[in-house]
């Protein structure tokens, strides 16, 4: 396949179609709407199901229902819409069902704005719904990566019976870049090719029930442990992370998604100034690349987390490096993407040895931000 | 006031009434329902507003509306219901409004069961809604403490313009204990005594608008920073934590709510065996008692987190102690409260020097739990 | 002459709610005061002659606990 | 004789949507092709004699951009 | 020092109320106390039990694995709790609803035909009081008078006329002459 | 090596499409490229601009503070972007819509009366092509032919008949004789 | 030669589409009756193996333990959305939801209206027992004026707590609804009518005619504080005047079906 | 002595209850007309300072910038719940929501039905423009059969995408609704009728009669791809047949009010 220029949202939609998406349920919300609009003609054209739901609450529960049949299903939304899906996502997790959610983050909290942001990191990575559960979170930083990750997101979801979230911010959704589309896979035939747990009508077999209720606490605990153990497999097998210029790095920048690519520009500029800095760009946010970061914590003098939220990923990096090196924060909020020169400034500060284990990096960052307003 | 025997849910309701609650909006859900039922007669009796909402989504948005007027308002729910409030809570945060939410946690994820659990720790403490925001989280471990914390929760919410969550599990909601009720405060007269930001009708003043939308990213960033700075004040002033037997402790148990009181029994039993162990019981989960734990990290040999979730608070403790001492996990899930003897076993293991910085404590715990099923 | 019928109450299901007792037009069902089911209920039982097999009891039984038979005259080739 | 009226279009608000132009029964409004507002629109304006002050234009104007006056005969004590 | 008491039986046997009386009495006697219920899934019927702790300091866990005392109102409760009682503890059995004798020989066992005594006193609903009386005799954690005061204050209004019978039931349980098991 | 180009103007001036053409042409020339838009709050009208990056390696940030080149289709765009252009960079100004001359003397400034030229060629909608032509003359990051190919492939079907005019507009912009500012 | 012989035949027996499981319902609760009727219809139509049920949150949450088909369990109020998801990927399956009044007419109002408006080809069994049974008898949208519940302890005051919702009438205003009727489970005649309505609703689905809903007036003796028999009487005397039995929308294509 | 004198008097001027702010609406968009009518009614009734508006999510999210009263801004679809919260603590204030068709008849259907059923004493201004204006013209619950939108690009197919919702008819089935009417903004006569309806709705609230809703048929020239004038014609020709103008519920206490 040749490279074509794709808008991020459309590219994700087409990648899902090629991965064998059988049903899409969604609700319009900027900056994700093109994805829904694209599928509103693409799915019917292929004879597959597309429903514009009454709300995100409706959408996530349609996904829940369709996922019960073993079909490949997806929804997509953006921050406030995703908040409305929390109950449904918890149910999907409790019922151990595979499904894919594309979350194109915007500025918040509340109605906020429609500009790109990463303020929903905790919500997606640490569980915004009730109960113990994990979602497999994939964070592309380019349109091509969005395509590739969306394409495999269904396999991952099914392999581990989890919800996979493709988590990006509005800038990747709205951006155009060249991308190559993967080949079109055949769609699963139902009920013939349904997984052995799927609810498809009890024709010729024992009936099946899918539910997330375990009225007896020991049964619930057992279910929780089963889910947690499956998650350990995910941790063991599925960590994805890309590093740049880390071989000889004495400083590390950590950032995902578009913050990660902004950081890449800054790292290159710093290298041009002779600063031995590299970039760690987590691609799976859950599971988090803990081992890799721990390893670099033994190599570098300090780290810098670049994110479009107020230090949400920062706390994960701090937890992981366990105080072995100082970790500083460079963040912009509310729909503002940091510019490479801001990140470069922060790298220079690291190179000057200004990073410290004293106090909290968020406090220092807030202090610096005060100068802006 | 004399001590009376109160059921946790009822006691919280009465404490809220005495704190000057002007309007309650809620929806039935076990194990929280008594709270709503109590207020269904108590509020009208006092001429105050009580509405059984159509859903938790309705309830949180009624709270949102009423909070805009400067009234003291509250809702209550339990895990799945709270998941439905995530969008609304994010809006409340984005609009910088005070309100109180009582969350009586049950087993999850999904429909789960109605037994006590703490699996919604991350949802409440780290933000289950979209965007950067914090809620002030108070975690009582007895009925009296639930009364006292509920009573001050409104003041705290108003002082910092945040949502305060009184976070407990079903066991405290359902339990009866002696408690002393605080005095009845007069209710705020509206609009006369409304705060200067409240929307009460523009009679004789400039009109006011309350909203969480900041279409221009710099305005949104500024709002975010304002909220974050106010939160720094909360961190500085409002950390609450109770310690037991920590003066000479060489091991520390950390647990909140009913897990904390179970741990207290175990700590006493361990002391009786001569093990120098103490208990740190965080009362505010956000802000988290970071300084206190850091201080004890310099004193003890190892720590044990006891919780009714799969190591959610564990990660916060690990982040805070920054690898200075090993932290182990003792947890039960799915509606099971750990029993003191299980915790005692875990303390003994600490005393035998079995805690380690190697690997992840959750993995070891899961291994141990495998023996149960 | 009304048709002849009979019923059997499956005591695993019966909860002694008395709905069949009240509904039976022939008043031939009663709770067995002397017996208790595994679930702790006095089960319903046919206590008199006169059942017509009208199936009204089974229509009202929330637990689908009742089976109803009726005698029918059939022409059988010898 | 029809009453005499006049209108004034506040060009801060007017977006040149032409709804008033089409609605005016006297056909006395038109967009000012030669002028552009701060927002970049050709504003509406009274271009002919004949306005009756009927206020229809103001009723249809989505921007509340139009003020309408009408001449009235009043008896004034001298 | 604390004492843990479990009262267990079917829903409808007055298990939860008996526990609450203990808790009220403990509170009024100036002690710390907790009462915590646990139910089965049914709206009606099913199992019901509660744990009451009476102590002289802040109470930790409101539930324990090995209680000091148990009132078993029926057979399933006996089967479940007999093995769990602390050595030296007390087991009160409602022999009217239990068709086996307890097996433990390291605890004090009190066997009372609660239903029969209650019915003699006028109502099967007094069974819980009979057994509570029996418990307090064997485990004098609180004086009977404290329970009577709690009864007087907390018996639902519509049952207030039954107060004398309730007193009688308590006493009857406390005074029931039984074979000593140990 | 990478080149950043900002095209800025009012919504409706064809700003976004001109940027996309650059991106298509870059892609077809085997280079890496990104195109990213930004709009104002209005559904209609308001400001619109986009940043296009053309590079020979994986592109980092899709937006930069100091672009290499800017096409300013109107006055607000000129005011906003003139100060930001990298020293040595290129500024293409649509003088038909801008009533002041640029001030920087450390960049190459190209001034083209885009609207007039476009109207001469038959439609004001060609303005964007005229200015794009002007840009590519001053900053030969891509050959005009690559843009023409992109046009042929991506001009919306209903405008395909205007392809020759679009080519003309590009050329007209590229060939426009102007006073040199520097 | 022909002989006449007296033989016993089964007039009624437990439907195959009911599991051999004891329900957790209170004695006399008509949730059981409704389950039975659904099971009988599935038997009659021979569609047990082609049917997927969607259980909701309420006393009937365990419907999947009793009705002998494939089942999924929905979050409170969201059964119609879940059913939509199932039906859209398996259009040749019969999909039905089973929902209480709290579930469908309160928290789930958005989903049920949307499903009906979409003409979603599913069947909804709606159990109106005028309260939230499972959580202990709180006020429901269907609680009658003046009715006492645990959250309207002095009786529902319509001025403050609003008016009961007539859900099928409301749904019948939607073009996508092909069949919207109300029946009652309080006596044999009405139970028989209820079964016919359930059958008709599934026939609507079989014909691809779109959304069908059958409201069933039902009792909750436990939370009403009545014996089952008293409860049936209360239903007849108090509920039916407010919730008239009737057909509010019947698609012409099935208007003349008879069973 | 009396003289006759010709004097000019103001027949129409911008209402005080409109802010002196330019709207962000597209040229010709009748959201502006609706705002103006609300403002005129507030002026006439002299209640501007006693009124609290609840803005929703949609093109009218910034209504609070234009209507000159205290305002709050609700999450998408939740304005009726928010208005309930406001009204219950400030019962002597006039509380109104301003909601689009996506907001009220899709995501917010649960909240509007519940508010109406409760007879919540608020006024709802409901703008039906047959699409999701703000997000770029997707299908709404009110999109007409066959109508093309960005998410029904080949025209709404009722078989797959369902039927349009007639929201006021639906709400009028609820006992708590005291006033439920539909008006249109497509010509001067209808605009005048619309204003009277808005006035009546606020009068309902003034009298404590409960829930009032006025649906206003409105245009979205931008997403419809028409000039404002074409759009008004389209409204008249296509919307009104499907969404008849009329009174669907009028509480007797205000049936005879005239303005």
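Brief remarks on what is shown
We call the chains A, B, C, D, E, F, G and H, going by the order they appear; numbering starts again at 1 in every chain.
Quick note on the criterion: a residue touches a chain if its C-beta (ideal position, glycine included) is under 8 Å from a C-beta of that chain, and two chains touch if they have at least 3 such contacts.
These numbers come from a predicted model, not from an experiment.
With steps allowed only between chains in touch, the distance from subunit C over to subunit G comes to 1. Counting steps between touching chains, the shortest path from subunit D to subunit G takes 2. Here the CA centre of subunit B is 56 Å from the CA centre of subunit C.
A separation of 61 Å divides the Cα centre of subunit C from that of subunit H.
Once the centre of each chain is set as its mean CA position, subunit B and subunit H turn out to be 41 Å apart.
Each of residues 51, 54-55, 57, 80, 87, 91, 95, 110-111, 211-213, 215 in subunit B touches at least two other chains.
Across the assembly, subunit F contributes 41 as residues in contact with two or more other chains. Within subunit C, residues 39 each touch two or more of the remaining chains. Subunit E makes touch with subunit B in their complex at residues 20, 23-24, 27, 32-37, 58-66.
Put simply, subunit H touches subunit G in their complex at residues 106-111, 113-114, 117-120, 141, 158-159, 161-166, 169-170, 173-176.
Of all residues in subunit A, those touching subunit H in their complex are 27-30, 33, 36-37, 40-41, 44, 51-52, 54-57, 80, 110-111. Touching subunit D in their complex are the following residues of subunit H: 1-15, 18, 22-23, 25-33, 35-36, 39, 187-188, 191-192, 227-229, 232.
In the complex of the two chains, the subunit A residues touching subunit G come out as 22-23, 25, 49, 51, 53-55, 57-59, 61-69, 71, 73, 87-88, 91, 95, 190-191, 199-204, 207-213.
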